[in-house]
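First chain written, first letter: the chains are A, B, C, D, E, F, G and H, and each begins at residue 1.
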């Protein structure tokens, strides 16, 4: 059966494409899944439910959209055999750390992908991870190794 | 039986004392628990195991310490009836978001405590929370309400 | 893999067909499941076991039928990736609220579908839901968003 | 160890007091717990968090309060050895059916307490119950029996 | 997806064939599974491991065989959507009651199939069952109903 | 903390008293629990709910009583650290085998107590057991050993 | 559906090939999975992440590689219907006993394969096993029996 | 509440006493538990059940004793907040690695205690551990840190 990998975290760089491309190059039997990576669409995920909430109450608009997004992300994380959690250089990225904690509690294997300068603030996240990579090429290497016949 | 509340997150302000003091004032039957909140001690939590790791390899020193800390935090979170997760204005605070995700996956009730200016980046964390407070007084109010005879 | 959606609740209006039709229109890869929606058949689900129970003892006839129905509904709810719970304007509909509570305890994502005038009595049900829609078109929108490539 | 009984449902009649009184009369070692049964307080449970939400957006006010209430109810239901779910003659009482479904999914024993005229709409709720009583005296009898030395 | 039905219990009558035949007649999409129903083979299931155990120590021979059988039965029960547990007129049939208890603890739906004269000793087994049938035709009726489109 | 032992099965001989007496003699810190062992009371456990059911419909009377009994037995089995399941020489005793299967599925340690002449029909029950004793003295020996300081 | 068998333990003899060959000979519908059995590759599994760790710190090199290996092994063990754990004559083989304990806690059926001279030190491992074989031919026999139509 | 620590593994050196003594010295509120550490008693744990099995069949004697021991060890491991697994220099010690695997699957925190020369064969065991200590003094240090007020 195929191996499911969920790609969590940063949505403003090309890291997902690099990993997916690398896996294709090596013909790995992997099905990659992701949250919705279109930032504006994700922020507006619940707007079809009550459009007016968005202008009046930023908290509830966010709340409504985050829950709609969770229908997708919770299901895909639970289906995944492995979750890759990417932390970029910018933004708070608390959703990425949240996903890592979610995986940790479910004993779902996850690996992190981030630069050296954020090793220290990610120490609790890495403590529960199966690996920490600094490049997408390393993630592809892990996938190749894990799926070796 | 007593109600267990774990206080997760920010360690540089007095929010824990304010909540504990407020609960005492109202004579609430609550046992509060926390991670080690002494920053230097927490960073050095695993140094007794291999002191040299700390200078040679910052990643593994952090790794070792974070795992020792997890012995305490994982147990206390699982014992808690409620977790309060505090996000301050500074630092990455990925450990706080990680704890929230851990609670979410276990279906353990948690509430967040943070200012309005970080509502948006915390939307996924708040989507799984039972409440979001902006002041410690509000947290004490919630505790009073929840424990009403 | 296909996405499984269980449609729980009201059986006297066309809401199921509207959602299924909307999903087909957008060619969503969804398998919809439902309880038996033929009211008389559902009430008689256990009558093949002891026909006489039905006239003598309404409680046990209901009991017997409800348990036979549960063979189907419990299995389908557990297989579902998402449950839509519809509350109409009439009847007690406690089975719908029961299904919602069942989902909540399993941490199975569910959304509700109901009119504005019953928001207040559904507040506990909505507290555990990922979304609350008021029209079937909104449910279809959620499905489209959640299944976006 | 004491036996924990959570009393869920109707808040406008004296059924809780009758059961608690009956248990005391027979000196049963039971700790009874309940949701907040003050209707106005329960509806306002989250108002300390954002008072303005209540006037502007009834849905979100309900949402916020229902979640604060859930901190209490979810914990007490999970601690209970037995849940008694009371359905009265009035109101929608979807929260009671929701609690029953929650118990069913956790395989937590629960019994129902209701009059004969609502047997039929409660058939799914009763299918998962360990017993259905029609009077509080019967509930006390069950408790006496279950706790017999 | 197909519906999985495990047929547990009595191995000396044709009840399995009757149910499977009835399901085929109605073209139900069911995959039926069973324990090894060849009595002698089942008793000897572990003899390939240490043939001498069989003559010397009847207890350990039985132990060894029962555990080999459990590799099959435990897996098939856990895969099943429904378990049918048949109690015949003869033998102790504790394995059938054991399977029923196993299902009850896992909250796996099961139904029983037995004659009226053993209703009383099966009362605990039936208390956890979704239905009790007295003929194989009734079991087929239940399957038809449960799988209705 | 005390060790909890649930004594399941046969209710017509003195085996429970022998084990409890033996444990007291050795001053073992054990809390013993049991189902209601008064046969008539157990059969009538649900009669307070609808007295008429007993004469009209033996199946539903048994059903109702067995479920009331399950409130007690399910809770006590789940609280137990060890379950002792006694099979006597008479009666069907399917409830005892049912309890054993329940324990097996929960991975709750249980031991059996029975004579040699029923080893073979109990082979599946014993396959999941931690031990099989033939005398109450052996059970007391096991308890002494297990609780050794 | 196919039966999944994970082959854990010794990597220096041909036992895996013998079992797989035997299963093919009997045309059993089994999918066999294994850890990476190339010793050097397995020891180096994490070296792509930080090559320098290997020379400086043998503990952390092992740690890193063992965690990368766990991505594969944990997933495959959880997917397996049966795990075969092979203990050879040489080496510590703690990973094999670790896998057995992992299976035991998950209630995942496993069997052991080892010579008579290590029966005693494997007694705890065998206590949780469904069978103990001494030859690969016996394992094939078990598989044939378990998968009999 | 007290912190429970289970001390698993090697039974021929004084490591347990050193840790317990160290904890007492620092007045830590810990309840330590252990398997039966009397080697001969442990090997004979099941001999009271069928004394003859011991001479005739070493495999089944071991089997019977290991299962009796498991009544104690399984319960104590599940009650523990932390498990310390000690690997000495001698013997196979597969039971220690088995306990570690058991903890890993339950997500129960455990730490290992062993000398440097067995780091490599313990790499999978350490991959799941929260810490690896080489001296009992280090274990005491961890306990002091984890229990700090």
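Just so we're on the same page, a contact is a pair of C-beta atoms (placed from the backbone, for glycine too) under 8 Å apart; a residue touches a chain by one contact, two chains touch by 3 or more.
All figures in this text were calculated on a predicted structure; none of them were measured in a lab.
Think of each touching pair as a link: the shortest run of links from subunit A to subunit E has 2 of them.
The two sequence copies subunit A and subunit D touch through a face in which the numbers common to both exceed half of the numbers used overall. Here the CA centre of subunit C is 49 Å from the CA centre of subunit H. Between the CA-based centres of subunit D and subunit E the separation comes to 38 Å, rounded to the whole angstrom. One simple way to say how far apart two chains are is to compare their mean CA positions; for subunit D and subunit F this gives 31 Å. Here the spacing of subunit D and subunit H, counted between their Cα centres, is 44 Å.
Shared interface positions of subunit G, defined as residues touching 2 or more other chains, are 59, 67, 70, 107, 132. On subunit E, the positions that touch subunit F within their shared complex are 58-59, 62-63, 65-67, 69-70, 87, 91-106, 118-128, 132. Of all the residues in subunit E, the ones that touch subunit G in their complex are 36, 41, 45-46, 48-49, 64, 67-68, 70-72, 74-75, 79. On subunit G, the positions that touch subunit B within their shared complex are 50, 53, 56-57, 59-60. Considering their complex, residues 1, 3, 81-82, 107, 109, 111, 129-134, 138, 141-142, 145-148 of subunit G touch subunit E.
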